[in-house]
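We just call them A, B and C in the order they show up, numbering each chain from 1.
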Amino acid sequence: MSNISKKAKIGKNVKCGYCVKIADNVVIENNVTIGDYSLIGYSNEKKNSKKLLIKKGTKINSHSIIYENSEIGENSLIGHRVLIREKTIIENNVQIGSFSDIEGSCKISSYAKLHSNVHVGQNSLIMSYAWIFPYVILTNDPIPPSYIRKGPIIEPFAIVCTGSTVLPGKKIGFGSFVGANSLVNIDLKPEMLGTGNPFIIRGNINKIKIPNTKKNAYPWILRFQKDYPKNAKEIYLNLRKKYL
Amino acid sequence: MSNISKKAKIGKNVKCGYCVKIADNVVIENNVTIGDYSLIGYSNEKKNSKKLLIKKGTKINSHSIIYENSEIGENSLIGHRVLIREKTIIENNVQIGSFSDIEGSCKISSYAKLHSNVHVGQNSLIMSYAWIFPYVILTNDPIPPSYIRKGPIIEPFAIVCTGSTVLPGKKIGFGSFVGANSLVNIDLKPEMLGTGNPFIIRGNINKIKIPNTKKNAYPWILRFQKDYPKNAKEIYLNLRKKYL
Amino acid sequence: MSNISKKAKIGKNVKCGYCVKIADNVVIENNVTIGDYSLIGYSNEKKNSKKLLIKKGTKINSHSIIYENSEIGENSLIGHRVLIREKTIIENNVQIGSFSDIEGSCKISSYAKLHSNVHVGQNSLIMSYAWIFPYVILTNDPIPPSYIRKGPIIEPFAIVCTGSTVLPGKKIGFGSFVGANSLVNIDLKPEMLGTGNPFIIRGNINKIKIPNTKKNAYPWILRFQKDYPKNAKEIYLNLRKKYL
């Protein structure tokens, strides 16, 4: 029992859950799964908006809300009760955890992973292979309230740990590491480690060791490749030349 | 396909979304919009409770839950998956962001704005024109767990930035500014600036400048009036005489 | 109008709300209440999974999601829009607040109480009579991302206040107290007080007094027994001999 607009374009082998609502302005490619109680292509009463495109192989879990005028790439995984607003571009193979709040007008690049309950303010840029952990907040207004929307930039392979807030426009560098519960009020350069509130740069990421060993824990892609393409390490090493 | 009690009093031009449930003890005035999958007038098995009143022109977005024995004023905007418990008084022209958790027995005055994922503990008071940013938590129990419920007071035009926690009974003064990720454990006087954990008072709000200028960013109402009444500046200046 | 599998085993006097979905692999005992829009026994496309068991007298509020291969004890109370993943063991008389995110492979023991919006990472252990306040995060990966899942241990009668993050594997001792917005990066011994980011141990819990008195506020069970068994104080005093 669902409510699927006849104007929506739905591909082959699309699985729609219970009590799903799909609005007019939606294109869903083949092999997509839409979870129960999800609201797909929600329109905020604006006219002539662009469509919502959900590309092939993507799975959206239950109780999620996705606005029109957005795009979700192939083989992505969207958690339970996620909210994705207008003008969000999500590339392929992205994961967005349950309870996350993607405020729109932002881009999340391929192979980026957001854990549960991440808040992405407008005009944020999350680049490929970045990891954002639970309750991280990307803010965008330096003098709230204002008309300014200057989101953070999370460069490829960067790690932002649980409970951290990134202040407007701050750049988390390539392969860098932000510790838990940090308040990031300055840019963090590539492969550097920063923690705390106030935020303090602690040195190179090689300071962090694998527990009970003397081995470097970072760059993480050299020891953890689950669900990534086979050449992810080489992608890291090639990008490293560009960023460092 | 909705589930609307015949005992509920529903005004003219009320738009009800898909899979909406409206319980008996509800009065909805004209021109209200109720989003999909919302549960309106939820009763926690108590008897003889007061009704839920939703005044004219208010919009409630999808997946929201509003208990009976509350009141939501005119032309207010309630986000997606908001939870509002019993004995909440929301005045006119209030905005409450998605994922917010209003625990009941509290008051949110006219033109106050809560962004996403704000937690308002019982007995909190949020006054007119206050701004509460994402993941702010208003607590109420000084020796948890206890029977004490002593909520914070957020005075008019005050700003509480993202990720801050306000401890029980603390007062955020008129037009003051609490920086991101603060732990507010003392009162903040009107038009003062405080930040951090531990919380430190940094001086007058005129320390904060508009980026790349030498102009004061605060009082914010002097530079930002979007969606406010035309006389909002005068309201500020008049209240200023009272509070300072 | 609900969607209840005929393969599910449903006891007597089970109240099912509006638009509830109950999957095949579910056993619900007598006198259970399932709130509107809840998804019970969700399967992540795995085969031959164990069932979800919800024991007698438990209430699950609206918009909740509970995976199969979990167990929820008797007379427990699950809030609105809670997410409970696979391999979660919840014992009897547990409370889990709205918006909480229980990531699975964890145990929450009898009479533990989680307030709203608590995040419990995999392999966490929350023991009896513990209290976890809003926006507390129990993390489990010391070098994220990795395959390690080493959750915190919250010992009986411990208090973790609002907005705190507990780092992987840290132990919050019996009857101890973690202040709001702490980042717990070391173990806290029984009946000790710790606060802050960085986390600092402040001494014995007897430093915290009931407001406007010279009486000790902790151990809390000596002054607050709402909804607990009559012998809760004795349980505390007996366990105290073991832990201290």
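Throughout what follows, contacts are C-beta pairs under 8 Å (C-beta built on N, C-alpha and C of every residue); 3 or more make two chains touch, one makes a residue touch a chain.
The model shown is predicted, which means the values in this text are computed figures rather than measured ones.
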Any idea if chain A and chain B meet via the same residues, over half in common, or different ones? different
Field rot_deg for pair chain B/chain C, CA superposition, rounded to the nearest 5 degrees, holds 120
Determine the centre-to-centre distance between chain A and chain B, using the mean Cα coordinates as centres, and give it in whole Å. 28
Identify all positions of chain C at which a residue touches two or more other chains, and write them in rising order. 1, 19, 37, 63, 81, 99, 135, 181, 197
If we count contacts the way the header does, which residues on chain A are in touch with chain C in the complex? 1, 18-19, 36-37, 62-63, 80-81, 98-99, 113, 116-117, 131, 133-135, 159, 161-163, 180-181, 196-197, 208, 210-211, 217-218, 220, 223-224, 226
List of chain A residues in touch with chain B within their complex: 1, 3, 19, 21, 37, 39, 42, 63, 65, 81, 83, 99, 101, 103, 119, 135, 137, 139, 142-148, 165, 167, 181, 183, 197-198
